[in-house]
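When the chains are written out, they are named A, B, C, D and E in that same order, and each has its own residue count from 1.
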C-alpha cells in the first residue's frame, strides 16, 4: 500500500487562496528558509513545524494543515512574523488557520479551546476575568485536576489569584454579555462554530 | 499630563502589585491616570484566538468609552491588553470590519477612537530622563538589572511602534534614569510562553527557564518586566522553570514600575513587593547596603574636605 | 478606424521605448494574455510625452490613456522619467477641473523585464476603463452656465490706498529716469473710472502716474518685450511675482529691471464694476475714501466698497507688497497666510465632473479665439510663435468648436504649470468673461500640493518645479495596481 | 410712408416665433458671467433674450467666425492604391437669417462688408449667399455711451443704413419701422398691430438719444491726415506702446472682414475641410510669409495698418470709413486702447 | 509619398490570430500607401528580398513592416530598405506580434488592432524625413574606474591592445576585494599569489597611468570625447619620493589606527602601507589618527623617512584627463549587516563577517593567519557559518542572491578545518548555489572530506549564553526541528551591495542604476557590458554580483568593447536627435535646463540668442521637445506632429 500524499488529488488551491485572502498574506512568497521554526518558542510541542504548516498551505493540503496540533499550540508571539525574510505575517496565517479550523469544528487540542471558553465564560459573566473562576471552569471543562496545584499555596499566600470576581460596576458585564450573545447568534446564522 | 487608563483584569488579581506601583510612579511623576469607567476585559488571547471580530468588539467597547471621556490617548500597563486594543483600533479603520464589529456592539463605535499606548511609552512621552531623575531619592546605582519586555510589547513593530522590535530600549532608559546598571539582555523580546501557562505547562516552563538561565548567567540582581503574564510566569512559575531546565534560580522578577518606585523612595509595601513569590528582600538589602556605604563614603569625604579647610 | 463595436473602448498608451515597450514585448513573449483595447504609441522616453498629448487624446475620443516609462532611476536617459513623473502627476490632478475623470489617465513604471507586471497593468487599467464606460464627450455635453460666488472674506483689510506716497514715488522715478529706457506704470484711461498702462519716458509722463484700485493691469506683461533694455516698472505685490517668475526663468535680466514698489490695498474687479455702471455716456466724478470708491455716472451714484468689489485674487493675496523691489515706498501690512480657495475654483470644486464638462462647454462656446487671454499673460512669452496657431507643430485646428477652444485653454494652463502666479490677467482680459483663471488656479493648487507649497514668483533663485525633479518625490507616489 | 408696427413687450416672444418660422433668428442673449457678455445666438422658442447692445457684433450672420468652404475626400483605387482621386463637395450653407435687435452700428457694418465682398472686382459667393438671405431688424440706441462714437463716422443712434426694419423702444413696447421692401413684407406678415400712433414716441426717443451725444470732431481730413502719418513710425510706436497684439479689437469689430483659409485633415479616411476663419491684422501671423519673413513684425506697424485701413485706405477705395464707431474695440480691449485717440492724434498732428 | 506596407505572418506566430491578408487590404486604404502585401517571414532572406523588390517595382520611398517588436528587427529592416536605396530612417514598424497576436485570442479584435497599429506607423512614416549621421573623431584613450580584479583585467587587456589607460582607484592600493582574500575557491590557491603578478603588471605597463587614492570628480562630453576630472586625495606622502621601505610605519607611534584593509579586525599605524604586495607600494597617512595632523606635534615619520617624502601640507588636487571611453569597475561592498538585531546588531565581538574571517585566515592579516576569535583571542572549536545574511531577504530590501557566498563559505569551512583540525564547522544555508566549474564538487568535499555540517534553515537568533559561548538558534527544516548550536565563533556570509557612492558615480556617467545601486547594462542578456550611454562599459560586480572568474571575464569583455570602438577612426551619431527651429526659439532656456545630457547650448544667431543642439551629445530622449512651450525644438522621428498624427489616427473617430 502506498501512503504517499497524492498531491495531484489532494491539492486544494482554493484552500491556499482562502488562507491568503483571510490572512492578507501572500503565502507563495515563502521559500522555506525555516526562520519561523527557528524562532518559535512553541516549536517543540508542535506536530508540524511552522514552516511545514506554511508548506502545507502552499500545497493546498487542507486536512494536514487544519488538523495539525500546532495551530492550537501557537503562542501568538509573532516572532515568526518579525523574522520572516519575506515579510510574511506568519502569525496571522496561523491565526487564520486556527479560525478556519475552529469554524469547521476541527479542534485537535480541545484543552486549549476549553481554556479559551472558560476564560470567555468568565468574561461573559462578569465583564472581566478572574483567575480562580477561569481555572475552575477550565478544570470542569477539561476534566483535569488543578494543573497548577503545586503553585496554589504560593499563589494564594501572595494573593496572586483573584478570588472575587472583578465585576464591572455599571452594567458593563451585561453589555459584554450582549456582545458575546450577538457574536454567537451571528456565528450560528452564518453556519460557523462560535 | 493626563491619560485615560485601562488597568486590565490582572490589575485586580495577579498583578495587583503592578497596578499599585504603576499608580505610585505616575503619581510621583504627576501623570494623571483616569480609569475608563466600567471598562471590560479586552478578551486577551482567547478572544482573538477564537474570532478577530469578537476580540475587537470587546476592545472597542473600552475605546468607545474612552472616546466619550474625550480622551486622546489611552494608556494601559499590560502588553496583552495593549496589543488587543491597538489591533482593534487599527482594524476599525477598515469600514467593512467596522460594520461587522458594530453589529456586535450595543451602539456603533465612535468614528474616531483614541490612540492606545503603553504606560511606559506614556511616561516617556511626557517625562524626560531628567524629570525622572529629579524624582529619584534612592538611586538604584549598583544594581545590575536585565530588562525583559516579552514578546507582545514590541510586536508587530508597525502597530506597536515600540522602537526596534528586536531591541527595544525604553525600559532601560527609564531604569537607567533611576541609576540602575542595565545589562544588554539578549533575550529581552523572546516569548516566555505565558499565555499557555495553564493549558500547556511544559512549554511555558522551558521558555521561561531559558530566559532565567541567561539572566542569571549574566549575573543580574533582578529581572525587570512590564507584563503581568511574564511576571507571573518568571516569578510564580520559577520553580517549574528550574525543573524544566535543571538549574536552580532565585531571581527576583520585578515590574519596572516597582523598581522605579523604589528609586522614588516609596515603601516596598506600597509597591506590592510583598506579593512577589521570589522574594526581593535580598535585593532590597543590597540596595540599602549600597546606599549606606555611599553615604558613609560621602560623609568621610566631606569630613576629609572639612579637615582640609 | 472605428472602435470595435461593443467590445472595445479606446485606450491609448504611450510607452517609452526602453523599458515599458520592452516590458510589453516581454509580456507578449510570455504569451501573457491581455485585453485588446490598448493601442501603444512608442516614444523614446516618458520624458518625451507632452502631457498635452494625453489631453488631446482624452478630448478627442480616447476613453483612457495609459503612460508607462522606466522605473525611477532606470531611465535610459537617466532623468527623463523624473521630469515625466512631475508633469504627469500635475496633469492627473488637473484633469478633473476640465470635467475629465482622472481615473481615465494613469501612469506607471514597468521595466523591460516586467512582463507580468505589464500584463497586470494593462488588464487592471482596461478593466477600470470598462467599468467607467465610454468617456463623456464635450460635444455631447449640455451647456451649463454658472457664476462664481464673489461674496468673499479677505485675508487682510482691503482699501483704496489713497494715502500711498505717490508723490515720493514719482520723485523716485524721476530720479532714476535718466538711466532707464522707460518706466511702466498706470495712467487714467478713457475716463476716470479706467486706467491703462503708462510708459514713462519723460518727467511729464511721470506726472501722469496714478495709484489706486483701478490699477488692474499687470505691467510685468510688457517686460519681456523690453529684453536687452534698461526698464523700470512700478508694481503691486502681485505684479512683482510675475517679475520674479520672469527672472526665475531667465526671461529678463535682473540688472535690466528697476522695480518700484508700493504696498497695494487691493484692486477693483472691473468686470463687476463695469457691469454695475452699465452703459453710461460720461463719468461725472470719481471719489475715494479708505474703504471704497464712489463713481457718479450720468448723474447716478454707484458705490464700490473694496471689500465687495475687489478682484478675486485680492481676497487671498499674501503679498500686498512686492516680493522683490529696488525702491520701496510705504510700509506694507503683514498678512497672515490663511486658507483661501479662489472663487472660480471653489465654484468648480462644488460641481460634479459631468457639470464641469457642461460648464466648459457652455463657457467656451462664446470664445472668439481672440487670444487676449494669452497676450495679456505675463508668462506667455512665445506669443508670435504660439503653438495654437502653428502648423509645425500643429496642435490645433482652426475650427471654432468648444473642444478646440478648451484645448487651447488647456495648453495655456499646462504651459503655466509651476509658473502661473495667479495674476488673473487672462480672465480679466477675456472680452466675453470666461472664468478661465480657474484652470490656472487648479494647476497652481496641484503644484503647491505636490511641491511643498511651492508658489511661483516668490524667489528669483528657485527652480520652477517642472524644470527640475527629485529622485524621491515626497508627495508623488506610485499608485498600487490592485 | 413705410410700414409701422407696434409690439408690446410681452408680445416679443411671439414676434420672434413668427420670425423664426422661416428663418434662423439671431438674437442677443445674455450669458451669465462675471463680465457683461451678450452674444448673438440662434433663438428658439422659450429661449430668453435681451435688448441690450451685444458685446460681440452681429457680423457672425454673414461672416462666421469659422465656416467650411468645402470638404474634400481622397479615394484610392482598390486595384492600385497608389492612384488617388480627389472629390470636392461644396457646402451649401446659406439659410434665411434674421438678425434681431442689433444696433445701427452693426447694421452699418453689413454695408461696410458689402463693398469689398460684393462690389469689388471679385464677388464672394459664400458671403453673397448669406447676405441675400439676411433680414436686419435694428434697435435704435436710447443714448450715447462713453465708448461709442458712431456719430463721428457718419452714423448715429438711429442710423437706418443696412437695416430692413428699425425698431425703437417706447413705453410699453417697441415701434417697428420698415425701411426696405423686405422689411415691409416682414412686418406686414407679422400680424402686429399698427404702430403709426406710437411712431411720434419713437421719433422723440430717437431725438432724445441724439441729444445725449457729445460733439463729434470733424474727421473730413482724417483719411489724408492718417495717411500722412504712414512713415512716422515713432507716432505709431507711441500710440501702441500698451497694445498686447491680441485679436480682441478685430474680432469684435463689425467691419473687419479679413479672413484666413486653412485645410484641416488630409481627406483620406474621412473628408478634409477647407475652413475660412476670421483673421486678425494685429497678429504677427497676419503677414508672416511662407519663408518666415514678416514685413510687419512690430505691433506699431500692425496698428498702423489697422487704423490706416479703417480711416485712410478703405475710405480711399469706397468713400466711407470702415469704422462704425461701435466702440467695441475700446470696451473689449484688455488695455483700453482707444482708436478715437489715435485718429484724433493723427488728425491733430502737425 | 509612396509607402509600402508589409504584413508579416511570422509563420503562424502572427497569422494564427491575425488575418494578415485582411490587414494588408485595410492598409491599402491608408494615406500614401501605394502598395501593401503580406509575407510569410519578412525577416528571412526571401522576405527581405521581397521588400527590396517591392521598393524597386513600386518606386516606394517609405516602408512599414508589421511584424515583431522593433526592438528585435528594426535594425534589420533599416538595412533592408537601405540596400534598396532608401534612407534607412524612412522606415517604421508596427508590432503586431508581441503586442497583438501573442496576447489576444480574438481574431477579429486582433486584426482590427493590427490594422490600427499599421495605420499609426503609416501616419508616423508620412512625417518622417531622411536622416543622416554625423561623424566625429575619437580620442583613443580609456578611463577605467576601479582597480579591483575586473578593472585590472580590463586595464591590462586595453593596454596590451595599445590603448593608453587611465586607471583610477579610490583606495591607496589596487587589488580590490580579491586582495583581501586568503584563498580562492574552488582551487584553494592563494589569492595574493595569483592577483599579485597582475597588479605588478599594472604598475609596470607603459600604457597605464594609475591614480590611486583618487576619485572621479566630474565627467563631461560624450563617446569618443570625454573630459574627466580626477580628484587626488592628499596622502601626505610624496609618492614620487616614497620607496615603500616601511621605515615610517615601523616608527609611527599611533598604533591604534583602525585598519580598513583588514576590515577592522586589528589596528595599524597612522602612516601605513595597506599590505606587503600593495600597488603602488607607497605609504599613506590617515589624517584622523596622525598625531602631527591632529595635534600638530610628532613628525616622527618625516624624521625617519630616508627620502624626505612626508609632506604634512599636502592638499587635494584635481587633474583633468581626456578619454574616448570609460569602463566602470567599481565593485562592491558588504551591506551593513548590523540591521540584524537578532544577530546582535554588531554587539557581539565573536559574530564577524566573512571578509573579516578572510583577514583572520590570511597570513598577512592581523593574526598572521591564525584563527583567533576577537573577544578573547582564543582558537574557536565550534564555528558556525550563516549564509544569506542580507541576501534573499525582502524584509530588509535585499531580495537578490549574492551569488558567491555559498562557495566561499564552503572554502572557509575547509580552511577552518585545515587551520584547526579538531574544530567543527556548521553551515546554516537555504540552498547551496554551486553552478560553476568544479563548484559543486568543492562543496561536496567540504561536507564529505572536511566534515562540515550543513544545516538547512535560517538562523533566528544569536545570543550569548552568559558563559562565553554564543547560542545559535536555527531550524533544520529537513529534520523539521528547531536546533541550537553553542558556538565559539559565528561567521556571517554578508550580502553584497553596490560599492558606496555608486549612484553618484552613475549620475556622473549618466548611466542608470537599479534600486540597489548596481549599474544597469544595456540589455540583460545580450548587452551585459554596454550601458545606455554610448562609450561607457561595465566590468565586474558593479553591474551585478559575480565571482572572480566572471569578473575577470567581464573585464576582458569590456576591454574588447573598448578595442572594438577604438578600431574605428570616426564615430557616427544616431541622427534621431533634437533640432531647434531658430525662428520659433525665444531663448527661454528651458530645454537647456531640462536636458539630461547637457546637449543644448546657447548660441548667437543673427544677433539673437538661440538654443542649439550639440549633435554628438544629444541622445534623443525628447525631454526638450516636451518642455519647449512653442514647439521650437523637435526630436527627429518623434516630432510633435508625428505623435499628434498617431493620436489623431487613434482618436477622432
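We take it that a residue touches a chain if its C-beta (ideal position, glycine included) is under 8 Å from a C-beta of that chain, and two chains touch if they have at least 3 such contacts.
In this text the structure is predicted, and so the values were computed from the model without any measurement.
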I need the common contact partners of chain A and chain B, sorted by label.
E
The chain whose mean C-alpha position lies nearest the overall protein Cα centroid is chain C
Among the chains, which is located farthest from chain E on the basis of C-alpha centroids?
D
Max Cα-centre separation from chain B goes to chain D
By the contact definition above, name the pair with the higher C-beta contact count: C-D or D-E.
C-D
For chain A paired with chain E, centre-to-centre distance based on mean C-alpha positions, whole Å:
50
In angstrom, rounded to a whole number, how far apart do the mean CA points of chain B and chain D lie?
88
Distance in whole angstrom between the CA centres of chain B and chain E is 51
Among all residues of chain A, which ones touch two or more of the remaining chains?
44, 79
In chain C, what residues contact two or more other chains?
1
At least two other chains touched by the same residue of chain E: list those residues.
342, 461, 583
Every touching chain pair, please?
A-B, A-E, B-E, C-D, C-E, D-E
Across the complex, what residues on chain D touch chain E?
74, 76, 78, 81-82, 266, 268-269, 292
Note which residues of chain A are touching chain B in the complex, please.
41-42, 44-45, 73, 75-79, 81-82, 89, 91, 95, 98-99, 102, 111-112, 114-117, 119-120, 122-123, 127-131, 134-135, 138, 142, 147-148, 150-151, 154-155, 158-162, 166, 168-173, 175-176, 178-180, 182-183, 186-187, 194
In the complex, chain C touches chain E at residues 1-4, 7-8, 10, 12, 17-18, 21-22, 24-25, 27-29, 31-36, 39-45, 47-51, 53, 56-57, 60-62, 70-71, 73-80, 83, 87, 112-113, 119, 249-251, 381-382, 385-387, 390, 392-395, 415, 463, 467-468
Write out the stretch or stretches of chain E touching chain A in their complex.
342, 388, 392-396, 430, 456-461, 473-477, 480-483
List of chain A residues in touch with chain E within their complex:
29, 31-40, 43-44, 48-49, 51-52, 79, 83-87
